[in-house]
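You will see subunit A twice below: alongside subunit B first, and alongside subunit C after that.
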Partner chain A sequence: MSTVVDRPVTVTEVDGGGDPPKARERRRWGLTIVGSIVALIFLFPYLIMLIGAFKTRPEILRVPPTYLPQEWAPSNFLTMWDTPETPLPANLLSTVVISLCGTALALLAALPAAYYTARHNFRLKLPFLLLVLITQMLQPTVLASGLFREFITLEINDTWLTMILVNAAFNLSFAVWIMHSFFASVPKEIEEAAWLDGCSRGQSLTRIMLPLVWPGIVTAVIFTFIACWNEFAASLILLPTDTNQPLTVALTRFIGQYESAWQYVFAVSLIGIVPVVALFALIEKHLVSGLTAGGVK
Partner chain B sequence: MTAPTTAHRSLRRRARRQSTLQALPWLAPALILIGGVVVYPVGYMIYTSFRDLTRFGTDKGWAGFDNYARVLELEHLPKVAMNTVIWVVGVVMLSIGLGLVLAQFLNKRFPGRKVLRMVIIVPWAASVVMTSTVFVYGLDPFYGIINRALVDLGLLDEPFGFLKSPVPGFLSAMAVAVFVSIPFTTFVFLAGLQAVPHDVLEAAQIDGAGRVQTYWRVVFPMLRGAVVVATIINVINVFNNLPILKTMTGAIPGYDADTTTSLMFKIIQADRQIDTASALSVLNFVVVVVVIGIYLRVVRPMRED
Partner chain C sequence: MATVTFDGASRYYAGNDKPAVDQLDLEVEDGEFLVLVGPSGCGKSTTLRMLAGLEGVDEGAVRIGERDVTNLPPKDRDIAMVFQNYALYPHMTVADNIGFHLKIKKMPKAERAERVLEAAKLLDLEPYLERKPAKLSGGQRQRVAMGRAIVRRPQVFCMDEPLSNLDAKLRVQTRTQIASLQRRLGVTTIYVTHDQVEAMTMGDRVAVLKDGLLQQCDTPIGLFGRPKNLFVAGFIGSPAMNLIPATVNGDGAVIGGQPIGLTPAQREALTSPNVVVGVRPEGWTLKPAGEGIGAMVEVVEELGSDQFLYCSTSAELTAADASEAADESEAPHTITVRAPGMSAFQRGEKVGLVPQPGAVHLFDAETGDRLPD
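What follows is the complex of A and B.
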């Protein structure tokens, strides 16, 4: 890469070993073919989902099954909102409210902690970070009985608030971890210069640091949001009332012991998956840098 | 010289105490959240694991280690423990291995690489319940579309009830667990590969190292940090995973396709024995911490290269 050349160099040349450009070109397209097969493997469950969502109820239970719908039924996406199995509009609202509030709460708690631990040394720093790490090893279902009892005592059992708290707490460690490494990557001198110029701690955080670590915050927020959006096991235990349940739990209500409304299962799944995949695609660029920063720390 | 040093030392001590006090407002929101939603229930779990609770939650007093004894005497525990080992070791090793290969592949330049990277995040972003539900449908022996495809491709003679009996059901669940773990693992390794300097690779090539040699001698050792991170996070996630087993093998009677995590869930949901479930949870947590501790001792990620 570092060789000095006086003629313009194409990317292929620089990157190459000793093969002639044509052979390399061919090999690249070979990689594309392998890549397409890999892509197909990772997409096929979601293709089954997509196709299934457009089948009629009799067709999706037909033996043997059809690959493509013989009769396309986009009406599934309209009729699924009003079924005896589950109150879907309420479920969607639950997912949205729980995810938004859970993410906001997690950010509110993680941001100052990540900033302070990245910038300052104090005696209880290590114990604090260990405590945060331990929450990563636990899982809300393991603590279900204790949480259930606590929420009954507080008289907030079977409400959105319980899952907002649970989601925020159990995603805190990842948010702290990611943001901590982004804060730590900003040289301290930049901030010290701001203090000398008369900025307070809070001001230097909001005016100097936040713009610099913005990608880290966005990554942490989207990660947390997706984790809240997809949460299943704790909601299953902590939210018995159907109107409070999120989409992930509602979906299982379409699966009966004897007969299942698979077309609705898949239509609901699509509604649940498309927004988070879109969000995830937004931070795809930051994923690698975010994970590197985390790995180096 | 002595006086200023003493003054300096006491000043520093005061500064440290002050710094801990100063830290408090910044850490308070996180501490309150962790205290209320994690530490309190953990304490309650440990407490109930030593109590005798009825099915309706009435506390009948101190139970000593009775609950732990009951867990260890469970008839199906050896089978479930074995399953758990197979589940965690199998899924994590396959995810790490396939993740390494995939990351290496994605690190090459070819047309469509960006699209492939986007495609691979889909199983990561998608809800695990939703993904495993597709497999429950697809693997059905009657209307399952994956079963039909396998028959049409000549891989099966007739549709097979993958999720109807413990062994194939458990193996199918493992495959799905690997499938959903690969994207995260791959991205951790991609991040690691990005940190390998290009001139190091060139130097290895100039020194006459072949591709295989370059990989194992130069690239792989530099990925150690990434392997450690990926392994630990995967072990925690795979060990604690409930949704895949619940949706895919939850309907199989008995405990032959259970891990200790899904067993705990069954003890709470079906038997309503909170005290026994608490004891099992405590044991589960201790096992995870010990396993990770041993792993870190053996691998020593902080060691200088």
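What follows is the complex of A and C.
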């Protein structure tokens, strides 16, 4: 959490303050260059994806490969919606519905749990929190076959609901822990002051607690949403019908045994990450720490 | 405005057999400034929180005026509280902090702003109304916390060590401000502190707590002049009262070979020959060596206005000077004595100590209770 909200370490903090100016200048340049190279290495796959999405099918398979498309093919973004491999509009809808509902459900369950564990002491509090943490360690893949059986018994197999439940469950622990720490960081006297000021429990929650733990909620929402959006393994097993499958699974259908539609793989990947990046950019400014500063002492 | 009554109120915390507040009976009058004082962990905060409804009452009852509030949620008790850590709402401006209660009570905006301004003026907070608490100094935060309380005109003020985070000078200033503000507003106030000077200077009455048990509740003068037991005697007054164990014989309680007389009623009340003689530092008359209890000055503490002498007594000192056999078994004592400021006492000087008439407090060493006067 703190890596998200903390400000980045600046160059001046990294280099030694005591060095002579010339050495410091050299060092700063060196750091900038090294940083740029590292960034480039990280960004390269995204660049390939971006460029590949605009290449025609023959060009993308050409040996030797081209860097920039010789013939730009934005039509990939239109034709991909209607391909024999997968019903992409349905897949996109699947991803959106599953991610939104999964996030909402996780949040709905995690918020009260986080508040309660942060404010109240009960006998099995630590075991409870550790249990929550342990669920984080089990991969959905490990449990997929068990879940598959379970959903058949419940007669909800091969529906969005299964993946909404699975996604919510697997992200619950992270959401609980993040928000627990945020709730715990608000001194309980602040809430008590609100009660004495005439607030009901609900009012003190909405008017005092929520604004103060807002960064924690936003963090939990972003990470849960991204995890739901990117989930692959469990969806692959639990959703056999192609119209129910999310984008992540649909993507694999473009890679066939005999031929692969790489231009679609890239184009679909692109529309798959754009909403997530946009969400992050929109919400990032809410991720400020230190909202509770000044309330006590 | 209202009275506050604790009626055998007890509070047991989970996992603790001993109550944090034990059968508290306390009656606070309308408009009174009552100070709760006692060492750390004695249950002061718990008492206050029981009154505010933040802590359950396991036995007994709490009443505000005629209203039994034992099971009422905090929001319905009409109590304003100043927390030890101020507990300001960090995301609101000073004005919003002060006006929050009025906002919850749906007071019209104009009237609310007027009330907030009035409170802010009273506390010199006007320039800071639009600031967030993070940008205030400790003293300003303290005043915002006060402002949040006084803007409400509640039935009862609860204050839990509101001055403990301020520096010494500001604390003295604010102490008088709070006391005079309370007199002006006339709101029944319960004020918690562990600083006995605060307790003595601010309270109409002071209640001394120890281990959850009420020791004594009296006016500052009463507490100072007639402490009910050894604990109160030692706790109230600075420097502390000299508490000297002594054994009673036919002449009285013997200290340093000198008897201090007991009344027949006092002898009657004794449960054993062991008593504790209490004399405050200002209750001694300093005599030349040879008179009274013989003592040697060990440390001289010069405060300018006063001088405190830390003297050690021993049977030999008295015996050598009085040239008669004293009880050799008596252990030496350290006695604090107040002398006028700028006196010429030296370390190592031999002096005689005589308790002033009326300055002697006698306690039963076994029960700790005060012997009848």
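Definition applied: the second predicted complex is superposed on the first by the 251 of 297 C-alpha atoms of A that agree within 3 Å, B and C clash if a C-alpha of one lies under 4 Å from a C-alpha of the other, contacts with A are read in each partner's own complex, and residues count from 1 in each chain.
In this text, a contact is a pair of C-beta atoms (placed from the backbone, for glycine too) under 8 Å apart; a residue touches a chain by one contact, two chains touch by 3 or more.
This is a predicted model, so every value here is computed, not measured.
Trainee: Look at A:23 in the shared chain and tell me whether it touches subunit B only, subunit C only, both, or neither; answer first, second, both or neither.
Mentor: Neither partner.
Trainee: Should A:189 be classified as contacting the first partner (subunit B), the second (subunit C), both, or neither?
Mentor: second
Trainee: Can A:211 be said to touch subunit B (first), subunit C (second), both, or neither?
Mentor: second
Trainee: Identify the partner contact of A:276: answer first if only subunit B is touched, second if only subunit C is, both if each is, neither if none is.
Mentor: first
Trainee: Quick one: classify A:198 as touching subunit B (first), subunit C (second), both or neither.
Mentor: In the superposition, A:198 contacts subunit C only.
Trainee: Figure out whether A:233 sits in contact with subunit B (first) or subunit C (second), or with both, or with neither.
Mentor: In the superposition, A:233 contacts subunit B only.
Trainee: Once the structures are superposed on A, label A:35 by its partner contacts, choosing first (subunit B), second (subunit C), both or neither.
Mentor: first
Trainee: Using the superposition described at the top, determine whether subunit B or subunit C touches more residues of subunit A.
Mentor: Higher number of touched subunit A residues: B.
Trainee: Applying the touch criterion given at the start, work out whether A:169 contacts subunit B, subunit C, both or neither, answering first, second, both or neither.
Mentor: After superposition on chain A, A:169 lies in contact with subunit B alone.
Trainee: Examine A:128 and indicate which partner it touches, taking first as subunit B and second as subunit C; both and neither are also allowed.
Mentor: Touch partner of A:128: subunit B, not subunit C.
Trainee: Indicate the residue numbers of subunit A shared between its subunit B interface and its subunit C interface, in ascending order.
Mentor: Common to the two interfaces on subunit A: residues 121, 290-292, 294-296.
Trainee: Show me the residue ranges of subunit A that touch subunit B in the complex, using the header's touch definition.
Mentor: 1-2, 15, 17, 28-29, 31-32, 34-36, 38-39, 42-43, 45-46, 48-49, 52, 60-65, 67, 105, 108-110, 112-113, 115-117, 120-125, 128, 131-132, 134-139, 141-147, 149-150, 165-166, 168-170, 172, 176, 226, 229-230, 232-233, 237, 248, 251-252, 255, 260, 262, 265-266, 269, 272-273, 276-277, 279-281, 284, 287-292, 294-296
Trainee: Tell me, which parts of subunit B touch subunit A in their complex?
Mentor: It comes out as residues 16, 19-20, 22-23, 25-27, 29-34, 36-38, 40-45, 48, 57, 102, 105, 108-113, 115-131, 133-138, 142-146, 148-149, 159, 179, 183, 187-188, 190-192, 194-195, 198-199, 202, 205, 225-226, 229, 233, 236, 240, 242-243, 246-247, 261, 264-265, 268, 274, 277-278, 281, 284-285, 288-289, 292.
Trainee: For the complex, which residues does subunit C have touching subunit A?
Mentor: 14, 52-54, 73-75, 77, 79-81, 83-91, 100-101, 104-105, 132-136, 138, 141, 148, 152, 165
Trainee: In the complex of these two chains, what residues of subunit A are touching subunit C?
Mentor: Residues in contact with subunit C: 121, 187, 189-190, 192-200, 203, 208, 211-212, 290-297.
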